[in-house]
Amino acid sequence: MAAVTLLEARGLQRHFGGIPAVDGVDLTLRAGEIHALIGPNGAGKTTLVSLLSGRITPQAGRILFAGEDITALPAHRRVAKGIAYTFQITSIYPRLTVFDNVALALRDSRDLPRAVGAALARTGLQALAGETAGELSYGHQRLLELTMGLALKPRLLILDEPTQGLANEDIAGFKALVRSLVPETTVLLIEHNMEVVMDLADRITVLNFGRSLASGTPAEVRANADVQAAYLGGDDAEA
Amino acid sequence: MFDPYFLLALLEGTVTAAILALTAVGLSLVFGVMRVVNVAHGEFLMLGAVVAWYVATFVPGPPLMTWAAALVIAPLVVGGVAALADRLVLRRLNYEAEGTIVATIGLMYILQQAVLTGFGPGARAVEPPFDWMIDTPWFGYSGYKLAVVGLAALVLGAVWLFMTRSRAGLVMRATQIDRDMARAFGINVDRVYALVFALGAGLAALAAVLLVPVQQAHYLMGHDPMLMAFTVVIIGGLGSVRGTLIAALLIGLSDGVISFYWSPLLAKILATLFVALVLVFRPQGLFGERA
Amino acid sequence: MNRALALHLIVVAALAAGIFLLPVYHATNLARIMVLAVFAMGYNLAFGYTGLLSLGHAMFFAAGMYAAGLGITLGGWPAGLALLAGPLAGGALALAAGALALRTAGVSFMIVTLMLAQAGYLTILYYTPITRGEEGFVLAQGLRRIGAFDLSQDLNRGLFALGLFTAGLLLSLALVRARFGRIMVAMRENEERSRMLGYNPFTVKLAVMGISGAYAGAAGAAYALLFGSVGASFGAIAFSILPLLWVLLGGAGTTLGPLLGAGLMFYLTDIASSYTSAHQFVVGAALLVLVLFAPRGILGALRERGLKWLP
């Protein structure tokens, strides 16, 4: 299969008060893949995806999306281009109804009830449309956040620790859902749960101290000596 | 060419700056520690002037004595009112930014109305505590006004010492940096806030006692100082006491000079626009460090 | 959904009945309340729905008022043109002020709008030879007619105020029910999330400022023509606080709250001033009580307690 590149980042750099959070990272996302971004806490994962989604601007480097240079585009323009971001810390409209939350994410406002219903059905939340979003359980709020990301019909969906705080039975459903998204949608996944990563990811990029340590298939990454030393088998391995 | 009127304008500007610095430091302290924008700050100044008038009128004794009494009584009374307002209103709002602004606007109207009802709509003068003129070759200048500058400098120095050297000042600064952390270290944050709010109001009242022999007490007199103090605090950098002092000097002097040669109204328009622009393009103030 | 529209039409019908049936004193009050409610509705779109707490809306009201008033006295415009100039002047000034102030948020936004409005007010005073400053000027009766329709006449005044109010009310109802209305609320509730859903917060908020300023300008121009008086006091800080108070009282983010708040406050101060001169006290106390005990206002509280369909 000839791999088409959807997103390409070259030499991305971002310092905070002199401390490099992302220090010259290259990243290539192939269209239709599930790509996992892993690394110890503080490795720069969230900063990297914030650079990609436009929430912060890079101090050096370039980002190409579908062949177009988007480095200087503000976040909302990138969303319009098809890059959706779901927050690590759930960010919904807690005082609005679930219906309104999803309606805000839809580009096309014709026949809203049907479109919102369809979006909610994908994540199984259709029964909760009338509820106030802030009163949902934590797991349902995470799912709502995901629903909003999907309702944008993105070409690239960035998920920042989506399974954090989810119960085990919810995780199975989540995995099935993410699998159903490809190849129409490309998924970039930050994840701490290695089981989820190894199960879902086509390819993995490992970050450490703001640099890209390795990139490849799960098997390649697992076999990589640097990764084993720094992360998988190292002292600061994740639980 | 030396212009004696320029010297006069500078002198007047210095007096304005001194009063302004006292008023603005109070506002800045309250914003710095509590993150509260106190729109009623000018009314605390007005209240101080009114208390000073009552003290000067009803306490027997020579003007110097009653004025000295007002210097003590007015800040205490006004500080008490402020502590009460903190307890009854601001604390209940949990110091939430927008709510406290709306509430202090309400407080502003209530204080104005209370004084209008009790004190009346007229402007009332207070006799200066002493009455000597300093002669220059070109004009005579009120010695009292120069004393105002000296006293204001003294009080500001005391405030600075209090904030940097005393334990209470340390506690206030700790609360400013991190309210939750301060609470975790056993600091009674509620009491600190009440104290800071009272201190800020007390400084405005002190400025009023200094001001009232020069400018009469009137129920609407707080309006202009409130806006001027905002100007100073914003240009100096919100919450920075050092910046506030520099800005007070700058604004006071330029106000004196501009209103002397041009229209005072034009000076105010320019200052107000300047403040808005500073907030938009340099929110840390002209003298503050970027956060 | 149509319960809401029916309620709004009933309110308009009741106001119409008031104009025809009430004694002249109260009918004139009603006209004044409706014009002020237009000002408040514009404020509500910015503050209530979009979360923009402006302390400078008096400047947009005054812009409309002076555009109309000076257009007539200096420019010799007919009343109809002067009335059109109101919303244009208010909207344009609001866009300019918004372009500056919206670079800030929260407390800074409040202070910037306050300072800009204060600069506007002082500018009116600076040009006292033209604007007549605090004293203001009166528009002669003969200048206040559109064709044969004399706006200074009691019934006509009421009808014009009703027309303006109804247009403003239905427009704001349509706006908040439309997709744009949902986006306005989204800005108020969670700006960062809205940005990541592809909305540009700056342009959305700027558009709301423009609309809100146009409402204020329309109300200012109507006030000048219906009541014949133009003056600097309508540009003072106090006149920026009043729409905030009305909206808080009636219910921020409810379409009918501005009318309710303006009407209640009008009669509250009217009644209070017949007993004491302490009308400022009423304003101050109302602000304190609302912010402490009823931050959602009357209609906001009703909506919370079951009337969820209230727009």
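List of remarks:
Letters A, B and C mark the chains as written, and numbering starts fresh at 1 in each.
To be clear about the criterion, a residue touches a chain if its C-beta (ideal position, glycine included) is under 8 Å from a C-beta of that chain, and two chains touch if they have at least 3 such contacts.
Since the model is a prediction, treat every value here as computed from it, not as a measurement.
Looking at chain B and chain C, no chain is in contact with each of them.
A centroid comparison over C-alpha atoms places A as the chain most distant from chain C. A separation of 33 Å divides the Cα centre of chain B from that of chain C. Inter-chain centre distance (chain A to chain C, centres taken as mean C-alpha positions): 44 Å.
Annotation: 52 Å between the Cα-based centres of chain A and chain B. Across the complex, chain C meets chain A through its residues 179, 182-183, 185-186, 189-190, 192-201. Interface residues of chain A, counted against chain C in their complex, comprise 53, 55, 74-77, 79-80, 84-85, 87, 91-96, 100, 103-105, 107, 109, 148, 152.
By the touch criterion stated above, chain B contacts chain C in their complex at residues 37, 89, 92-93, 97-99, 101-103, 105-114, 116-117, 227, 230, 234, 263, 265-266, 268-269, 272-273, 275-277, 279-281, 283. Chain C meets chain B in the complex at residues 53, 55, 100-101, 103-104, 106-108, 110-112, 115-116, 118-119, 122-123, 125-126, 241, 244, 248, 276-278, 280-281, 283-288, 290-292, 295.
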